[in-house]
Every structure is written in C-alpha cells, then in structure tokens.
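Two complexes are shown next, each including chain A; its partner changes from chain B in the first to chain C in the second.
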Partner chain A sequence: MRTAVSPPADALTSERVAQTVRSAERRRRREDNVHGWAFAGPSVVMVLGLSFIPMVWAFWLSLTNSDLVSGGHYIGFANYSALAKDPLLKKAFTNTLIFSVLYLPAGLLGGLLTAMMLNRRIRGIGFYRTAFLVPFIASSAAEGLLFGFIFDPDFGVVNSILGKVGIPPQRFLTDPSQALITLAIVYFWTQFGFNVVIYLAALQDIPQEVMEAAAIDGARGWATFRSIILPTIRPVTVFLVVWGLIDTFQFFDLVFTTTKGGPLYSTITLVYYIWELAFNFFTAGYGAAVAYVLFFSTLIAIIVGLVYARRRGMAL
Partner chain B sequence: MRRSPGTPRAVGLERPTTIEREGEIGVKRFVVLGIAMSFLVAACTGGSSDNNGGSSSSGGASGTVTIQFWHGQQQSAARALTDLVNEFNQTHKDVKVDVSSGGVTTDEMLPKVISSIAAGTYPDVVYLYGSWAANIAKSGKTVDLSSRLNEPGFNWDDFWDSSKQIVSPGGKVIGFPALIDNLSVIYNKKIFDDAGVPYPSADWTWDDFRTIAKELTDPAKHIYGVNYPVSGDLDTVWRFFPGLWQRGGQIISDDETQALFNSQAGVDNLTLWQQMATVDKSVFFDPNDSKAEPLFGSGHLAMYVSGPWEVQYLASTGIDWGDQVLPGYNGDHQTVSGPDNWVILNHDEARVNASIEFLKWLTAPEQELKWMMASASLPIRPSIMQLPDYQKFLDKYPGIEAMADNLQNAKNAMPTLTQWPRIVDALGQGISSVLLGKADPKTALDQAAQEADTLLAVPQ
Partner chain C sequence: MSATTVGRPGVPESVFDPEVHRSRLLEAERRARRSGWRRLIPRGWHAILLPLSLVMVAPFVWMVLSSIMTNAEINHAPPTLWPHGINRGGYHLVLRNSDFPRWFLNSVIVSVSVVISQLILCSLAGYAFARIGFRGRNVTLVLLLATALIPFQLTVIPTFLIFHDLHLINTLGALIVPQLTSALGIYLMSSFFQAFPKELEEAGRIDGCSRLGVFMKIVMPLAKPALAALAIITFIYAWNDLFWPLIAITSDKTYTVQVGLATFQGQHRTEWSAVSAGITLTTAPVLLVFLIGQRRFVQAITGAVKG
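Up next is the complex of A and B:
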C-alpha cells in the first residue's frame, strides 16, 4: 500500500547530496586515519613495546615472589603490604626526598643566575656556554670517579682548600652524615648545565620591545627581573621542576659508582634499592613493588606541582 | 666487590671496573633498559623452548655439539682463555666451544645471566661468583653433577675443600670450581723500615697486628695502618670471618637455621677492629673497596688486607711489598677464601655432556697453569703446585707463593644459601656502623643476627 504523500523531489535530492557528502567525509577520515596510523604506528609500537608492556609486566611481577631466575608464583598484594614494614624502604624514600630538596632549588637558582650571566654578547660567549653544558654531557660514571678524588678525605682538593681557611678536614663520602650532601653537590655540578641551557633559551625569548618599554617606564634591574623576567620564565621553571623531580627520584648512577648506598645506608636511594632488591637480594617481585611506589610518588609529586602551577597561572 | 683475575687491573688505572663502565650507556639507563628489555623479550618469547640458545645450537651437521662459554674476563686473562678454547676446539672434534666474555665483567655477570635465562638465550657454561651459587641453583636451569664426580677426569678430590663447598649449594654440584683466592696481609716494606718496625712474622697475633697498625699510622703524612671497606657488602663482611673462625666462632649453625656470628667470638673479633678504628684511628675506611688499592700504591697504606688479585697491580707500581698470613688467635691463622664457579646451565643432555667434557679439560692442571700464568690467579687444584712448571708461575709473580700457600689456611667456607646476600647486607651494615663509631659491637651484631634469624626462618 503506497502512501499518497511522498517527500518532495528537492528534499530527496538534498538528502542524497548530504549522504554523498557524509560518505565522502567518512572516506576522507578513514584515509586520514590510515595515513596517520601509518606514520604514527612505528612509534606507537615503540611506546607500547618499550614502556607500556614492561610497565604491565612489572606490575604482574610485583604480585609474585619471583626472583627472576625461577618463575615465582602469585602472592596477591603481599609485597605491597610488606612495604609499610620495610625500614630500608623508608630510608631510601627519605634519602631520595632529601636529595630532591637539596638539589632542586639549588639547581633552579644556579641555572637561572648562570643563564643570566651568559645572556649577553661578549667575546667568547659560545665557549662559556659550552663549558657549562659539558658536565651534563659527560658520563656520570667518569664523574663519580673524578669526584671520588676531589672529595678524598686525605688527598682531595676540597679538604686542602678547607684547610687553608682553617676548617678541619671532612670525611665526605665516608661520613654517614655528609655522604648524601656530597653526592648532591656532585649531582648539582653534573646536572645544572641543563637548567642553564633551558633558562638561556627562555631568556632569549623575552621580546626586546618589552624590555625597552619597561626601561622607558623607569624599571631598573630588580624591577625588571621581578616583573618581566620572572613571569616570562615561569612555564620553563615549572618544566624544570617536573624534569628535575623525575631525574632526582631516579638518582642511581653516582651512588652506584661511589658509595654503593653506604655508609650505613646514608646514600641509599629508591632506584638503588630497587636494583639491590632485584639483582643482589633476588627479590625481584618485591623490587617491582618498590618500583611502583617510586612511579606513583613521582606521579603524585608532578600532579601536585602542576596543579599548584595552574592555580597560580603559570601553567605550561 | 672483590676483584677476580678477570676484572682488569690495568696498569696505572685506579678503579678499573668503573672506567670500564663508562663505555656502556649510563649505568642507570643500562639497568632500567636492561630490566625493561628482558621483560619484553621474555614476554615475546614466552612459550618457546629453551633450546634456542644463541645462533648456534646443538646437533651440527657433522654431529658436533656447540656450546656457549661466557667467562666475563678481560685483557690478558681473556686472551689466555681464548687461546685455551682454540686449543680445545682443535683437539676435540665432537665439541665446539663458542667463547666470549658474555659482554660484561664478572661483577655484572649475574644480571646478564638472569636476563638471558628469561630470554632463553643463556650460555652453557658461565663464570659466576660463589656468593650467587644458591640463587642460580634455584633457576631450574642448573645441573647436578654429584652422582658423576667419580667418573674419570673430574678428579674431584683434587679441588680445595672450600671450592667444593661453594660449588655445591644444597648438596647439588652445579659446575666446576673456577677460581680461588684468599685474604692475606700485603705490607709496604718502606713504611715499616722508615718507622723501624720489623716485618710481620708468620706467628703474629691480632694484638701484634693492632700495635703495628697504630705505630705505622701517621696523620701528618697521611699514612694509615690498615684498610677496611665500609660499603656494607661482601667486601666488608668477608674480612670479618677469619677472626671469627680463629676464635672458634661460626657464621650460622650447621643446620642453617640460626645466625651464630654474634657469639662472644664475634663480639671479641669486632671489638678489636672497633678499638683500632675508633681509638687508635689506624683504619682507613674505604667507601667502596676501590680506594685502598691506589692508597697502597701511592705509599699511604702500611698494611693492605687483600689478596692475589692485587699482584699484577702491585708489580706495576714498583712498590717494595711483602705479604704475610693473617694474624692469628691461639696459633690459628686461618683465612677466608672466595671461590668462584664455572656454572653449567642446562639446554639438553648433549650440551651438558659437552660442557662437562670441556670443563674437565679446562680445569686439568696443565690448562689451569697456562691460565694462571696469564691471570695471576691461585691454583684451584693442589696438584698444580707439584707441576714442574709451577716454579715459572712463582717466578713470574713474586709474592704470590705466600698467597698460594695460604690456601691451606682456608679451612672454613662461607654459607651457600639463597638468603645469603641479605644476611651479608645485615651483617655488613652492622660492622660498618661499629667501625664508624655509631654502635657498639654487641648491639650491632645482635641486631644483625636477629635480622638473619628472621631470614633463615623463611623456608626457601
């Protein structure tokens, strides 16, 4: 039974046109998708293969009592409940936190001041800029070796300088109360070159017109710094804090080459403890649980930092 | 870590292991990446069989069995092993040995082997420290040779007792002894002469030791009496055992359920070192057991408690040195030895048999002597000391004879337990805290023993 009322011809056509347009749109999108994935595919595989799958695997490992040599079996969240009772984990966590607090402010301040000194046109500036980056590039194993000599209690340069100004010789890496600070100083020297480079780039991004306008308005050194330079480099600072947090939370290589976590666990850090658990104590499952503690504490620290930065309007 | 002959003792280079690490990508990245990669590879190859170890596997066209051999050695010791393997390959048509260091030094061999087991690409024969024996035996990839020791070629009686114990965790013989060393006192003759102190005699006591160390310490000249590592690992711990054993003490009970190192013998032993460290101030605290060597080499350490792995380095310094057995208690001068193993990992029966054939040949006295000549290591079989060419070895490395003879004084062995690394850690921190003046011997040892008891109570 046909209905008497049929849609008007022009409406039908417009419907058809719309359909054609839609399907062309869909096809185009599909092709875009194919092309997009073709380009992104390899890196997606890399990210999945080298980051995501190992993360999932490590989580599975943290639910077992595996020692990596033999399989181990599922023990639920026993590793995680053991974490709370582990005095060494607490020590490693505190040390890592102290280390971050020692390095981060100093690294930011030192990086900014040095960058400002380097942000001028003088003869040989390229050389000076390079000089500050060299320690960052050099291998940290070699730097551990070098500073082992510099901070040697008996024959090191530092003690001989201290002696000249009347300060008694210090034990540095063999003194439980000084070892971590000494490592933070070494770490500062090896890492703050990176902050210098990033800050230098940020400083050079400040438009000349703004500086000139400020000068015309009568702003001098400190006022310019506070009202122009600081606000402009805020996003970069946030970036450097996040970056520095990740790096200091994963501090390992200098410990490995100088003190091996000692004396008396005074330099044991989270990553060193994880290494020791997995490869020295044969408790890889528990080590993986500690690795997840590290992961989540880094994540939380970063989220807190970013939220704070957003609230203050210095978001990335 | 105590250095074995394989780890390079390059002339004039302090801390060679560290320098070597520089060549690799940053240690941190190496470890993180290594863990990630091993998991990944394991995930990808999950169900595959274990027989695809490396490019060449068993059953070649001619019926030759090919085995992978990782030794972790460097420089002259590595070259000597390669020469020996070539000789073996030429004289043995049924077995072909693929030799390589394994890509790491002996210090880092364990993580490497763990990763390779996870990936199914593990070698047939690998050099592993004795302290790892119990844990590698848990992998399920090791063999048990205990029923075959009487077969010709093993000559099992002709190994040192401490070697045999270390290669047999839980009664399972997982391979062959590869190396043995021991602690003695290496001393700088010039420092003794300058201070007018006679060289130590073979019957010296721990009290003599303490007096000498105190006399020779000279803060003005930055000269220390003796070294002690405070890193808290095995370097710290094994130096504690000779004095413990000499006083009749034990590390753990025979049934391996209880720590005994906090006995009166242990407390007395640690008290002596504590007095030297905190009262006499004659002890150099080595943060990672790699600073004492250059200190001795530069003439600032009078007595160096160390072993044969220093001999090549010492020769390169030109220092006039002597060595003496450890000080004794009631005439007992026993020392501690740190034997390492050639561990056989199981692919299939043919490859295990080929590995045994190779190791029988490699550990035979004639071959051992060639490798000792290159690596300055001690004889792993007493019979090597009867070979006519043994004298050439003694002539090549002056000072090593006393260390070889000192093997007779290695009467006790360290335990081979899966919990051992953690017990070492507990005890090591205890000893270090006493030496650094943060705890008294009795409290520190009791606490470490309590931790060890907890570890020993968990069935493995």
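Up next is the complex of A and C:
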C-alpha cells in the first residue's frame, strides 16, 4: 500500500506537527506558570513573608539593645554572652525541659494504651472519642481558669477527693515544688484525646488478616505488640514525638492563665520568659536572643528525641 | 432427639460435651443475675475507659453547673457538686455589666473573617500545588512546609513591629491579617486535591472552561468535605488563640474573648459564678462546632498526620 507520492506543500509533515506540538507545549507551560503563581502567589507571599522576614529580623534585633519602641543600637553578641549568666533563663530552660520529659512519655504511652483498648469491636467508641477530644478542643485560657478552681487548695474538688481517701490537702499550683507537675497533668489532660485519636487511626490501618495470621502462627499479647503493632505505628510515633516537643517547648497559654510563671518562678517557661522580656520589660533585643535559644533548643530536642526513639526501637 | 442418640454419619459421638454444656448454663445464669444495678457496672475494657472518659468530661460538666451556682456555693468547702437552684447572677454580670459581649463579638469577627479567607486562599494555593506544574513549585512547597519548624515565638517580636508600623496594633486587623492563609491549610487542601480524579477537570478544560472556571464550577463544589474540615480546624484555632491577641491588643475594648477571659478573672476575683459563666460562654462555640463537625475534624487531623 506504500506509494511514493510526495506530499503537497501545505500538508502535515511530521516536522510541522512536532513544531506545532512544541509551541503548544511552550504555551501550556507559560500558561501554567502564570496560573500557578496567580493561584498560589498570595498565600506563598504571606506565609513566607510573615515567617522568613521576621526570622531574619529577629536575628538582627538580637544583636541590638532594642526596647521594642525604638530600633536600638548594634551591640554585637552582647545579648548572647549575657544569656549564659542569666539565672532566670536557666530556670526557664530547665522548667521547659522538665515539663517535656514529664509529659511526653506519659502522653504517648497513655494515648497508645487507650487507643489499643478502643481498637476492637467495642461499643460506644464514638462516645469515648468525643469525650477524650473535648479537652483538646476547648481553649487553654478557659481550661487554665477551670483548673484554677479544681486545684484550688481550699475550695477545690481535688483536695476534697484526696481528703476522703485520707491524703492531706496539697497546695498544687501555689506550691513551688508541685506547680510544674500539676501543669503537666493538666496538659496531659488537654492533649490526651489527640494522642488517642492519632494512634487509633494508625492501629485501624493494620489489616485484620495480619493479626489473624499472627494469632495462627502462635503470636500472643507481647509478641503481637512487638512485631506487628510497634512497627506499624512507628511513623505516627515519630510524628507525635516531634509534635509533642514543638508543643511543649512553646508551652505558654496554661502558664499565663494559671500561675503566671510563679510561685518563685517554678513554672516560668521559655516562651513565658520571652513574652515577659519583650512585652513586659521591653527588652526586645534580649528577648529576641532568648527566642533564638528557643528555636535552636527545639531543633536539638527534635533530633535527640528522634535518635532516642529510634534506639528504643519505637521510631523509624 | 439429641445429637448423641442420632448417630448421623460424619458426626462424632462426642459432640455433646457435658463440660461445655455445664459452662454454658453457668454463663447464662451469671448473665441473668447481672440484672438490676449490677448491669450498670462497666465490664471489660469499659471498666477503664468509662471512668477515664468521665475524668475527661467532668471539668466541663462542673463548669456549666458552677455557672449557675451562687458565689457562696462555689466558694464552699467541701465544694458543692450540684447547684441548689438556678442562679442567673453570673450570666447577668457577664452579659450586662462587663465588656464580655463586645469581646465575644470581636472573636466572632476575627474567626469568621479568618475562616472565609483561608477557605479561599488555601484552596487556591492547594489546588495550584496539587495540579498546576508551575516553575518553582517544588522549592516553594518545601519552603512552605519548612515554616512549620519556625516557632511563632521566634518571629513574634518583629511581627509586632511590622504591625506597629502598619498602625494595625490594637485593631482587629492585626489579628486577622497573620491568619489570612496558613501553611497547614495549603497542605490539607493540596493533599485533598491530589487524591481528586483528574478526568472531570480535563473534561471541563476541553469544553472550553478557563482554569478559574474549572476551579470554581467543578473543583470547589466537590471539595466540600475538605473545605468543611479546614473551616472547623481554622475556626477552633482562631477562636482559641491567646498568645498573639495578648500581644497585639492592648485596649480592653478590642480584646478577644480569650484575652478578656484571662483578665476578667483578675478584675472579678470574687465573682466566681461570673467567671464560670464567662468560661462556659467562651467554650460553647468551639464545642458546638466540634460536635457538629466531629467526623470531618477527626478525618482531617488523622489524614494530615498519615500524609
């Protein structure tokens, strides 16, 4: 069927087809660039503009003695050398670290165990999920005030319950040795539902057949947990560790609405200290330096947390 | 006519096991005995889960109850657990003799503006990242996600200075503008659009619809579940925010409900029932939104984690 007829001048040669396709492709790509940036541009400019510019600016501020109202003068790294000798910063840093350590393992373990209890054909799972999530939804301001009542040394419900089982009344938030632990308990209560829901979603992803196969192979309790459940929830554990570290290092709201850093600075956290420095004492330059301490300690904590979780075989 | 007497082929003689039979009878008897109040005792895992859920919810129950107690009832040792009557004094003080209604309105204005703006801007950007192959897409997406690692507390001082220079400090604008869009919202919408069937959009394009037309007429109506989830998350976050409003707002007429609540307690130290009423009114909107949209909320947060 092949004929040797040469094509007419205006026919579609393969070269012309290719050329048309190429120019259409170019036009499409140009159009994509215009459309893409028109769609994403406003958001990108705002999100990046309100994070990277202030981040650089904060570093510049940390090299000045700015008092928030005026720009201040360049003083080199004087703020950073003052950090090392600041007893309050040391206190705020230790408190934040203790708070993280008090909350994080308990929060993850409590969340996982509860999720495992819920991950079976159990009645009322909807009720439980709602009940556990309510403290996660309500605002820290409201919860702080509420727990001010509940842990009140004289009129609070907790002391009255403790009294019934013969434990003498505690001072809770007004006792320097108990305030931080009390806040960690309240914080556990607020975050519990989130941990449960995240773990539950991960557990529900394990196919039923896998569990049945393991049971047939003779795996019981601990063996199933170690060789099936733990590996499946690893990515989620990693997420919760990172999330928990970021969140606990930024702990502020509950402190503000309950103890205001007291008594005797026993609940002052890094962010509370930054807030006080910049917006109460108007030492914005020094505050910015402390904010950089917060930033780098969060990064280091995340790395350490991940390495530790990995060693314990919990993550990655 | 029991199985033992009818020696059917293939059925072993020992099908009737007296041991099993007896244990079944005992079980039935035990169940029958679990009548009356005994049935109220939770069994199995419920024995742990039920008290746990009560501990989670109890503070909120007490919050509502104490808002209708008298100050004397709240300020009583041992604490009153059930109000003796309905006392409207707390609500009266909060709603008639304080700035609380104004704070509430401010919070509504801020939260609703932020939700509407994020629904538009985050879905536009999320769609672009999921569907349009524009230059610099991947780099920009990585930069956006990297902002999650920059704590707001690091950038808060310059942010304050920026809004101060814009003369927005002490206005609701200072609270709305930083939340007009968010990296989390873009990420949520983008992952939703990635899982969205491409064919519909292509059909729309072939039929001569512009890109914006396809987005408005085909994509957005089908994105309602994701939009609902984004709206719920954004509303809860915006309503509950305390740190930034505390810094950006210095006049008590412009307070949001959270900042107002925190200072309210200081002003009305002995008006316990008013404080309780304030806490209840502050918490009610988010609880309502959460209870209505709970399923979407849970799907969104678990979906975002699993990526």
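Everything below uses one rule, namely that the second predicted complex is superposed on the first by the 261 of 316 C-alpha atoms of A that agree within 3 Å, B and C clash if a C-alpha of one lies under 4 Å from a C-alpha of the other, contacts with A are read in each partner's own complex, and residues count from 1 in each chain.
Everything that follows uses one rule, which is that contacts are C-beta pairs under 8 Å (C-beta built on N, C-alpha and C of every residue); 3 or more make two chains touch, one makes a residue touch a chain.
No experiment lies behind these values; they were computed from the predicted model shown.
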item: Clash-or-fit label for the pair chain B, chain C on chain A; value: clash
item: First, second, both or neither for A:176, with chain B first and chain C second; value: first
item: Contacts of A:202 with chain B and chain C, given as first, second, both or neither; value: second
item: Touched partner set for A:252, first chain B, second chain C, both or neither; value: both
item: Which superposed partner A:188 touches (first chain B, second chain C, both, neither); value: neither
item: Chain B versus chain C as contact partner of A:46, first or second or both or neither; value: second
item: Touching partner for A:57 - first (chain B), second (chain C), both, neither; value: both
item: Which of chain B and chain C A:137 touches, first, second, both or neither; value: second
item: Partner chain in contact with A:150 - chain B first, chain C second, else both or neither; value: second
item: Dominant toucher of chain A (residue count), chain B or chain C; value: C
item: First, second, both or neither for A:262, with chain B first and chain C second; value: first
item: Listed stretches 5-13, 131-139, 257-265 or 293-301 of chain C, narrowed to the one that overlaps chain B; value: 257-265
item: Common interface residues of chain A - those touching chain B in one complex and chain C in the other; value: 50-51, 53-54, 57-58, 61, 68, 139-142, 144-145, 148, 154-155, 250, 252-253, 256-257, 271, 275, 278-279
item: Chain A-facing residues of chain C, complex; value: 45-46, 48-49, 52-57, 59-60, 62-63, 66, 74-79, 81, 121-122, 124-125, 127-129, 132-135, 137, 140, 143-144, 147, 149-162, 178, 180-183, 186, 211, 215, 236, 239-240, 242-243, 246-247, 258-259, 261-262, 265, 272, 275-276, 279, 282-283, 286-287, 290-291, 294, 298, 301-302, 305-306
item: Residues of chain A touching chain B in the complex; value: 49-51, 53-54, 57-58, 61, 67-70, 139-142, 144-145, 148, 152, 154-155, 171, 173-176, 179, 250, 252-253, 256-265, 271, 275-276, 278-282
item: Contact footprint of chain A on chain B as seen in their complex; value: 15, 18-19, 21-22, 26-28, 31-32, 35-36, 38-40, 42-43, 110-111, 114, 117-118, 135-136, 138-141, 222, 230-233, 285, 287-288, 291, 295, 300, 418, 421-422, 425, 429, 432-433, 436, 438
item: Contact footprint of chain C on chain A as seen in their complex; value: 29, 31-33, 35-37, 39-40, 42-44, 46-48, 50-55, 57-58, 61, 68, 114, 117-118, 120, 122-124, 127-135, 137-150, 154-157, 160, 163, 189, 192-194, 197-198, 201-202, 205, 235-236, 239, 246, 249-250, 252-253, 256-257, 270-271, 274-275, 278-279, 284, 287-288, 291-292, 294-295, 298-299
